[in-house]
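Some structures are shown below for you to check.
In what follows, subunit A forms one complex with subunit B and a second complex with subunit C.
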Partner chain A sequence: MYAGKSVKRVDAYDKVTGRTRYTDDLCDRGAYVARILHSTIAHGKVLKIDTAEAEKVPGVVKILTCFDLKEKHYFATAGHPWSTDPAHQDVADRLILTEDVKFYGDDIAAVVAEDEVAAAQALRLIRVEYEEYPFVLDVQEAMKDGAPQLHEAYPNNILKHTQIRKGDYEQAIKEPGLIKVEGWYDTPTVQHCHIENFICYAEMTGDRIQIVSSTQIPHIVRRVVGQALGMDWGRIKVVKPYIGGGFGNKQDILYEPLCAWLSIQTGGHLVKLDVPREETFVSNRVRHAIRSHIISWVRPDGTYAARKLECFSDQGAYASHGHSICAKGAGAFPQLYPCDNVEVDAYTVFTNKPVAGAMRGYGIPQAMWAVEGHTEEVAAVLNEDPLEFRRKNLMKVGYTDGFSKNEMYADSFNQCLEKAMEAIDYKRKSEEYKNQTGDIRKGIGMAVFWYNTAVWPISLETSSCRMVLNPDGSFQVQVGETEIGQGADTAFAQMAADVVGVPIEKVHVMSCQDTDVTPFGTGAYASRQTYTAGFSIRQTGLLLKERILDYAHILTRMPVFNLDIIDGNIVRTTDGRVLMSLASLAEEAQYSLSESRHITAESTYQIKSNAYSFGCTIAEVEVDIPMCKVTLVDVVNCHDAGKLINPSLAEAQVHGGMSMGIGYGLSEKMIFDPKTGRTLNNNLLDYKLSTFMDHPDLKALFVENEEPTSAFGTKALGEPPACSVAPAIRNAVFHATGVAVKEAPMNPHNLFRAFSEAGLFDKEPGAGSKEDDDAAASSGKNQEVQ
Partner chain B sequence: MYDIKALYEARSVEEAVSLLTEHPEAQIIAGGSDVLVQIREGKRAGAELVSIYGIDALRGVRLEEDGTIRIGSLTSFSHIEADTIIKEKIPVLGEAVGKVGGPQIRNIGTIGGNTCNGVTSADSASTLFAWDAIIEITGPEGVRRIPIQDFYIKAGKVDLKPGELQTGILIPKKSWEGYTGHYIKYAMREAMDIANLGCSVNVKLSEDKRTIEDARIAYGVAGPIPLRAVSAEETAKGRPVDKKTVDEFAAAVLNDIHPRDSWRAAKAFREHIAVVIAGRAFTQAVILGGGVLS
Partner chain C sequence: MKQYKLIHCTVNGKEREAMIDVRASLTDLLRNDFRLTSVKKGCEVGECGACNVLVNGECFNSCIYLAVWADGKEILTLEGLADPDGGISDIQQAFIDEAAVQCGFCTPGAIMSAVEILNEKRLLSDEEIRVRMSGHLCRCTGYENILRAVKKTMLKRLGLSSEAPEKQEG
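Take a look at the complex of A and B:
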């Protein structure tokens, strides 16, 4: 059995030796280079684009503007499965190039040139005239009457408003003796910062167009390019090679339609569009900033009587994934801490800002920042231990959601918390760090997270797999689920080897998806690759095995029910004798003069289940109050992701997510100029992605309760690691200082404000510099707590 | 692919001077960690470049006969950090340049480039201000030496005349002998960052370690160019080594600095941090000098 073992990544050697080829490596050097001209206003109309000077630049092939787009096919960019029901389709509000500017950085023209220098020179020489409109950047301002309107069909800029009503909130809050705890919580706009920027290239062959793209979702890209260009989908071929990360940004159609259109406009010539980092920040997708307002009515015994959540999700200028993100977080609210009386109102609102789409966690990191921060405050008001308060109120074993039919089969929360607490010595530290004084204080805090796997029953879940037997007894595996760095191909190889019964070296997973030949699948998102592909790999593997054994029956005369494939051999199960190798069977099957067969299997499995995936983070911090700095001293995540197919890869996945959570909690934030709407820090210097030097050793732990609905006992792990880290750090800061920070990230600017408001600097002038760090930490004398 | 009009490579200082004279529009490039970034951003696109990176005579640190520490302008941050003379005489400079960017940048970046950029955030600059460093400039008229405070004219502008290049940074014996120093880089993360504030403090204690004989404090990002906090220095001179001196020294920096409000950091925040790090850097410098703060 390979499932459960830390086998080596199938792409390890190629990746560490640099042999792996990514989109740019694959593109022919003769390609034209395209660059995009972005708007320099936040809202308005393009009146005129003067390209005369730019066209004189040697090497410029063609400049195309929004006015050259003669056929206007509006398209939706979200990388969701298509819905044949128009009511459930994503909002089609984008054009390849637009004259209606809705954010600073909108796409209004493109240059095609022989090289990047000529393209850059031409971009600088294009002159644009605009009619400017007022713009709005704040999500709640945008909802007010009279605010600048982005899309006619959405009054008050509200893309969608959904409600959840359970019990009777208004009645429930009248219960005598309730304690009200209320808070507002803000999360920032952040960007994915995958190491490979978005890149694609396109060229025509005959009347077909081929696109090679750094995407998570090749089959969805094919459909949307067809819709955007008004082309039959079968005339489009999309190839996805190895990609340097995506984290959800590449679960969106970014510039594949534009690149394809530019190729068509230049006679089908090969055109490459390699988006610079600065533009990746502004003109790809970002994470929704969500402002949440929570009111809890608690009984003195520490149980909830009624709860209310309002959340306002900043969509930016176009719909992309839209309300799905906010709705996911809002949907988690009544489940995580069940309460009889709940009201939830979730709004997704357009603003004149970069477009928000999918990003690892899909609304849950925002929701957990609010919910877990709030939980800590409620426990503090009640003077209850945060751990015991959680234990009392968290979702219990047996909880079943009526809509998804998800069931909490095991006591995941308690098991994960126990394991994490032990690893980080939580109980001792939690006591030890109480009531500290001094400039430098330690704290420890926890947060849990709610997550689920895949998107059933909201949209289509389907997975297809093809296996083709080779004459040496090995076989190819193709699935529509994509390797995006997470190690999916390795997990697929392990599962396929187990189902068919061969050594893992005999499984060749075709990493590259090509929509002309790869069976249909919707790609990498929703932490679903292993869960989803598991169904079709098991089903197809069994089908392949059946065909192999059917042929073995011909060669061995033994009945199929007495045969099995074990470790690459055809074995008679009655006595365990190896009758022949799979290799000799496969060779004979292919070349037999009497009974030649090409043994293959292909099948589709439609998944009609979903699975909860829960866990927690515990973080320990040291807060230097005068310096307004938090040092993360230790951090541990514990997950119940079901059975781990590959524990080492699972651990790596958790480390990556924790790193993302650390940046989210402590440093990352996109900043917008209030005067112009321009993104001010769209580069990796000014945008403070956290570095190795900002991380302690990351600990990843697991409890493995096999998921009963799953083909291999596995469930979501891709996104969950990023969901609870930031609130755990935030709660550790609260523990250390008594300051409940409302806004992420807890960078020094934000902490300066929070500590000032809390009066932590209200000492005699210069007190922060009284003594050196060590002396302050050890003596802790004469320092006032708020 | 970079938009560079022409690249001329000098193999000696003389050749560099003549190439710069021949091509008055040309920009000097050393390690390129700033110039190439600017070209990519379009700011210097299409530039002519004179590369001085191959002039090995400008590399290395040495102690001259009169006790002056001479740092060749092309010496990389990594080399400065590892240099034995620096470690022994002015370790604070090694610590400061060890905080620049990341390892790759410290391998390619040079101290000459760091100072010739004229930016206030340069990690080497505030420390060199605090050491009263002398800048050596070579040009068609020969060699001239000026105090670093005169070298910086305004943000992004240093005193390099046509045909001139910076060839060395000198720290006279009287500036370093008997002094100990500490640098604090205040940034948003622990690597790959530029300072929101940089503060370098040197102190010289009396023989009995009870009195501050001299104190020097310089900031980066407290103004458009690096600056000395002179009233803070005056506050400390001749004062006893105690916490009151530290507090008054730190508080006095507000008379000297004028940080601005920008989206990178608010003025009130920078002022708060400036006081905190002044006190901490001063304290550390005193401790390194053998002082005891009771």
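Take a look at the complex of A and C:
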């Protein structure tokens, strides 16, 4: 059995020797180089583009502007499965190039040149005349009457508003003796920062176009390129080689349609579009900044009587993944802490800012910042232990969601919390850090999260797999689920080896996907890879095995029901005797003069289940109050992701998610110039993702309750590690200082404001007990007793 | 006007020459002229460390190191670490064993920085390793397993077990 073992990554050797080929490494050096001209206003209309000077630059092949786009096919960019029901299709609001500018960085023209230098020089010489419109950057300002409008079809810029209503909130809050706790919680716009920027290249062969792209979703890219160019989908081929990270940014159609169009416009010539880091920040996708408002009505015994959530999600200029993100976060609210009376209003709103799409956690990191921050404040108001308060109110074993049919099968939250608390010595530290005084204080805090695996029943979930037996007894495995760095190929190899019954070396997972060849799958997102591919790998593996044993019956004359494949051999189960090797069977099957068979198997499994994934973070901090600086001293994540297929890779995955969560909590934020809408920190120096120096040792722990709906007992782990880290750090700061920080990240800038508002700087240094009183009073500002 | 210059350098033990545009970076030279594609472009302005290579034994961001400066120097890229028969070095093996590799895009540069550190044959604390590796941005690993791989190889090379007490810790 390989599932459950920490086998080495199947691609590790290539990656440590430099043999792995990523998109740019594969592109022929004869390619034309394309660069995009982005708008330098946040909102308006392009009146004229003068390319005369730019065209004189030696090496420029062609300059194409938004006015050269003769056929206007609007397309949706979200990497969602297509819906044949128009009501469920994503919003088609993008053009390859646009004259209607909606954010600073919109795509208005492109230069195709013989080399990068010529392309860059030409870009600088293009002159653009605009008609400028007023713009709006704040999500709640954008909703007001009279605010600048981005899209005609969406009054008040509201892309979508959804409601959840349970029980009777208005009636429930009349219950005597309730305590009201209210808070606002803000998360920033952040970017994925995969180290390989988005890149693709395209060329034509015959009447077909081939695109090689750094994408998480090759089959979806094929469909959208077809829609954007008005081409039959079969004329498009998309290849995905090795990918240098994606984290959701590459779960969007970025520039594949533009690159394909530029190739077509230059006679089908090979055109490469390599997006610089600065443009990746602004003109790819970002994570939705979400502002949340929570009101809880709590009984003195620590139970919830009624709860209300409003959230405002900043979509930026175009719909992309749109309301799905905010809706997922809002959907977690009534489930994580069930309450009889709930009102949720979730709004997704256009602003003149970079476009928000999918990013690791898909709405849950934002929701957990709000919900788990709020939970801590409610516990504080009630003077309850945050752990006990959570235990009392968290979803219980047996909880089942009516829509997804997801069920909490095991006591995952308590198990995860116990394990994490023990690892970090929570109880001792929690006591020790109470009632601190002075400028430097320690604190410890926790947060939990809830996550779904895959997208059923909101969208299609399907996985296809093909296995092709080689004459040496090895076989290729192809699935539509995509290796983007997370280690999916290794997990697939482990699962396939187990199902068919061969040593793992005999399994060749085809990492490079080609939509002409790879069976259909929707790609890497929603933490779905291992869960969804597991179904089609098990089903197809069993089919392959059946065909092998059928042939073994011919060769051995033994009944199939007395045969098995064990460790690459055909074994008679009645006495355990090895009758022949799979290699000799495979060779005979292929070349037999009497009964030649090319043994292959292919099947599709449509997944109509989903699975809750759970976990928690506990973080310990040291806060330097005068410096407004938080140092993360210790941090632990504990996850129930079901059975781990590869514990070592699972641990590594959690480390990466924790790192992203640390950046989210402490340092990452895209900053926009209020005067122009321009992104001010679109580079890796000014945008502060966490570095080697910003982490303590990261601890990743697991409890393994096998998920009963799953083909291999496994469920989501890709995104969950990033979900609860930031609020745990925030709650540790609350524990240390008594200040309930509203806005992430907790960088000195935001902390200065929070500490000032809380009055931490108002008195003599070292006046300890008074400070604590003030801090307590500050957190109590949100509270009133009815 | 474009200006060209003929340069001679040693790349992964082999003497090479190239006629280069004087504006070209060492990244351009290594990737485009010599097709050493382990040298990765993540930012091209010295922020991420994915393009790191050794120049006369010292680690540099090759994207902000002009190719003309490489004239007469010895360059080592990740491709130069493996034997001609494919045998890999201890630090490469440690990256595999410690699961320090995920998407693999920062890996070549990170390994080259590790090589520079390890060649000093000094015992470094975890904190010192973090400082020395801090020029590398990685979004997949949280740096944890990279740290483990570097530390394990360092201790092994110094003849110390990986359970040895840490210097300057606690």
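Note that in this section the second predicted complex is superposed on the first by the 762 of 786 C-alpha atoms of A that agree within 3 Å, B and C clash if a C-alpha of one lies under 4 Å from a C-alpha of the other, contacts with A are read in each partner's own complex, and residues count from 1 in each chain.
In the analysis below, a residue touches a chain if its C-beta (ideal position, glycine included) is under 8 Å from a C-beta of that chain, and two chains touch if they have at least 3 such contacts.
Since the structure is predicted, the reported quantities are computational estimates derived from the model, not experimental observations.
Which partner chains sit in contact with A:117 here, subunit B, subunit C, both or neither? Use first/second/both/neither.
both
When both complexes are superposed, which of subunit B and subunit C contacts more residues belonging to subunit A?
Counting contacted residues of subunit A, the larger count belongs to C.
Contacts for A:21 in the overlay, against subunit B (first) and subunit C (second): which applies, first, second, both or neither?
second
Touch check for A:13: first (subunit B), second (subunit C), both, or neither?
second
Considering only the touch criterion stated at the top, classify A:691 as touching first (subunit B), second (subunit C), both, or neither.
Touch partners of A:691: subunit B and subunit C.
Between subunit B (first) and subunit C (second), which, if any, makes contact with A:527: first, second, both or neither?
After superposition on chain A, A:527 lies in contact with neither partner.
Have a look at where A:627 lands relative to subunit B and subunit C in the superposition and call it first, second, both or neither.
first
Touching A:29 in the superposition: subunit B (first), subunit C (second), both, neither?
second
With the two complexes superposed on chain A, say which partner A:673 touches: subunit B (first), subunit C (second), both, or neither.
The first partner, subunit B, only.
Answer with first, second, both or neither: which of subunit B and subunit C does A:315 touch in the superposed model?
After superposition on chain A, A:315 lies in contact with neither partner.
Would you tell me the residues on subunit A in contact with subunit B in one complex that are also in contact with subunit C in the other?
Residues 117, 684-685, 691-693, which sit in both footprints.
Which residues of subunit A touch subunit B once you look at their complex with the stated criterion?
115-117, 120-121, 124, 626-628, 667, 671, 673, 680-681, 684-686, 688, 690-694, 747-749, 752, 761, 765-773
Can you name the residues of subunit B that touch subunit A in the complex?
Listed in rising order, the residues are 1-3, 42, 45-46, 102, 186, 188-194, 196, 243, 246-248, 250-251, 263-266, 268-269, 272-273, 275-280, 282-284, 287, 293.
Which of the residues in subunit A end up touching subunit C in this complex?
Counting only subunit A, the residues touching subunit C are 6, 8-9, 11-18, 20-22, 24-25, 29, 117, 192-197, 242-245, 247, 274, 276-277, 484-487, 648-649, 651-653, 655-660, 683-685, 689, 691-693, 695, 697-698.
Quick one: in the complex, what on subunit C touches subunit A?
Interface residues on subunit C, with respect to subunit A: 23, 32, 36-38, 40-45, 47-48, 50, 77-79, 81-82, 86, 88, 92-93, 95-97, 99-108, 111, 126, 130-131, 133-134, 136-145, 147.
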